[in-house]
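Following this message is one structure expressed as structure tokens.
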Amino acid sequence: MDRQAGTVAVEPIISVRTLRKTYTTFERGSTFAETLKSVFWRKTREVDAVRGISFAIGAGEIVGFLGPNGAGKSTTLKMLTGVLYPSDGEATVLGMTPWHDRKRYVAHIGAVFGQKSQLMWDIPPLDAFHMNRAIYRLDPARFEHTLQTLVTLLDVGDQVRKPTRQLSLGERMKCEFIMAMLHEPKVVFLDEPTIGLDVFAKERIRGFIREMNARGTTFILTTHDLDDIEQLARRVIVINHGCVVFDGDMAALQHGVGQTKRIRLATARPPGEIDLPGVTLLERIGETRVLLELDVRRQPLPAFVRWADDAFGIHDLVIEDVPIEDIIKTLYA
Amino acid sequence: MIARLRDGLAVYFCLLRGALAARMTDRADLGISMIIMLLADLVVPLTTLLVYQHGAGFTGWQRDEALLLQATFLIAKGIAFPFCFGMIWTTTELVREGTFELLLLKPRSTLLLLLGHSFQPEDTGKLLGGIALFCLALPNVTIGADADSSAALLGFAALLLLAVLTLFGFALLMTCLSFVWIGNSRLQEIFDAVSAFALYPHGIFTRSALGWLTWVIPVSVLGYLPASVLLGRPDPALPLAVGGALCFVLVVIGLWRMMLARYASAGG
Amino acid sequence: MNRLLAAWRSTCAIAYATYQEWAAYRSHMLISLFIGPTYFLVQVVIWQALLADGGTIGGYDRTALMSYYGAVLIVSTLVFDFADWNLQMLIRSGKFLTVLLRPMSHRGFALSQKLGHRCLGLWMEALPIWLILWLVFSIRLVPASTGWFVLSLALGFLIMFLVNYCVGTLAFWLTRTAGARRLIGFLRDVCAGVFLPLALFPHELQQLLFFLPFQFITYVPVQVLLGHYELAGIRLGIPEIVGCQALMALLMWGLSELLWRLGIRRFSAAGA
């Protein structure tokens, strides 16, 4: 896998240089003695969450951050939104350093956290929107116009008047997006924006992001959902153990690992030796069940299916993408 | 300057309306909560009444004078609690859920947002109780020395304001603590315990270090000081106490700024 | 016999898990070491001022009042409970369904939890407070009869839990119970003699209080600790009043069972 640096055609609106973040955490035991001891004295431990990452993002891009849990994606995002100070390094977003003049800076960005709601549980989203109008000092006429546009785009005209607690997760997430975009931010950060949503809601949200991107908004999103990346981002930055391990075109990533599929095969007859180019046996689950990895560039899928049916008789066949952890393992190797 | 203030107030009232609307979804519960706020704070005045009925009492303080003192503290609490004390609980919740960052994402003073979000209408029950008690006690006491009641009233109003400001300081102090003590729902109990001293005339601390302590940890400012000015016998330590209270509030505001910066550098 | 043994084992296991869980919140408990003695200090200072010249109030002189408040502090620390909050939270959040899936009564489960929680409270709250009372305030509380005190305390512990548990079942009928719970909790503490010795209340009220469960939570264990019991002019020996306490515990057990059954019926009917 070649690690190509992200090339930015236009003047970058986000540039990050050797950004680092180190946390101090406390260790605590659970036995009686340890509990007693920790009342008076706690053992500390340094954790490197982000270890000097650098990249640049141009205006109008959609960039996906990919990485396993605890890789440092969210920490990076928090630093870029100005709510967390880095331990070291520099970052410029829209010509400002996020953590220097936080209040001025955050007026120009938007953020949606899939697991943290900005709406208020007991009152309708519409009331929360009006709250944001006051907080962001928005012009009433312009606010109404933007609100109308967003509500129409996301098709939540009725829902915004219901108390938030009565909304489904998908409806709520749409309202979160409206909440984050009422002040027409140029850059929007999304932290797992489609987590827990059903397929239809995901589609709707992705369509919305594409539409807003076409209108000039730059999006930076972290996700575990490869579909999010495939359908939205032209560029991905893979982070693992606090480092950038891949930064480049979606196509380049696809070219490498997207061409590999996992196949769960249940056969009529026990499959013996599988000796076919581009096919690797990963695991024998039972006498008539195997897990295979298929490189579709070397072995096209239809050809493989025909071969397998002829050789052992296919009972059942499941085709999966390679899990994100495995992609990262490949990238990291 | 004035425009900025008005702008800030506009945001504050917008948030306050939201908090009120959220709380109004269950009016029965709100009503009961208001009653309990009223009742809980009337325990000490009722005890005082009982004690005076049994023939005992605080030296130098008539029954209604003592009640006036307690009413003063209740009024100060009745103003400060609905507007400031919700902050402690809101912060505890936000920090525990890891959603405190969402406040930092807004282009406004975090303190202003926090105050607006945390309005607690049920605590106005304390204010009602305080006013009722005040009105009951007032006719039976003499206001001001030498019949100069307007000066006494003015001084009382100013000191009541200081008492509210000091209570805000206490609320902010405990909000700061809630960052350190994540998930601790008992912070307000600390305040309740400390402020229990504010319900009694300063004279009960005769010759003890505690008396001095109530100036340093500004507790006497909360009830005794305004009441004694109203009754026309200000304490000689008045300037010291006022200075102490103001210092306390300033130090706490400094602490708050520090905690905010620390939160941003340590992370959730 | 085997069933009883199994029940005891699960109680111990739940209590131990709760103990571990709450050990993480030790700062929670350490706050008690500040709050309890501070309130006590307030009482000391006030009654010193009020009863300076050796006066008495409701038959209590200053020393007797201090012993009373000291004992209240210890007893209320040991019987402390929030089963009402816990139960309403389960019902309101819908987590209650998982409770019904357990092959064990929730009341038993919650009581075991409380046991673990208070075991931690015994050495993290009650013992240090007892030492503070002795070393700082020179009030050395030694039960008049240890056996009876432990029994009375255990019954107070149980009644406190059952009262709160009944209050928690309110959540089956009300959507929000915060206000009602606070109100009842407050009246419970007043009627249990936490703020003032019950002997200082008007006589008619004392008569009423004798028949309510609340005095058995704090007032009775405190009186047993101090070695004499009297309320509303009724003077009882220690064994008699502890017997009454046991009777009340039984009654409350029945009441909680009744409320639970009615609540469950409503819960299933609503299909929440």
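To keep things simple, chains are lettered A, B and C as they appear, and every chain counts its residues starting from 1.
Assume contacts are C-beta pairs under 8 Å (C-beta built on N, C-alpha and C of every residue); 3 or more make two chains touch, one makes a residue touch a chain.
Not measured: the values here are computed from a predicted model.
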| Closest chain to the centre of mass proxy, which here is the mean CA position | B
| task | Please flag the chain sitting at the greatest distance from subunit B, going by CA centroids. | result | A
| task | State, to the nearest whole Å, the distance from the C-alpha centre of subunit A to the C-alpha centre of subunit B. | result | 45
| remark: Distance in whole angstrom between the CA centres of subunit B and subunit C is 29
| said: I'd like to verify one number: the distance from the centre of subunit A to the centre of subunit C, where each centre is the average of its C-alpha atoms, in whole angstrom. | reply: 50
| request: Can you check the complex and tell me which residues of subunit B touch subunit C? | output: 26, 28-36, 39-40, 43, 47, 50-51, 54-59, 122, 181, 183-187, 189-190, 192-194, 196-197, 200, 203-206, 208, 210
| note | Note: in the complex, subunit A contacts subunit B through residues 21, 23-24, 75, 78, 81-85, 99, 102-107, 109, 111, 113, 116-118, 120-123, 127-128, 130-131, 134-137, 163
| request: Give every residue of subunit C touching subunit B within the complex, in rising order. | output: 25, 27-28, 31, 34-35, 38-39, 41-42, 45-46, 48-52, 55, 57-58, 174-180, 182-183, 186, 190, 195-196, 200
| task | Would you pull the subunit B residues touching subunit A in the complex into a rising list? | result | 7, 10-11, 14-15, 18, 21-23, 25, 97-99, 101-102, 104-109, 113, 261, 264-267
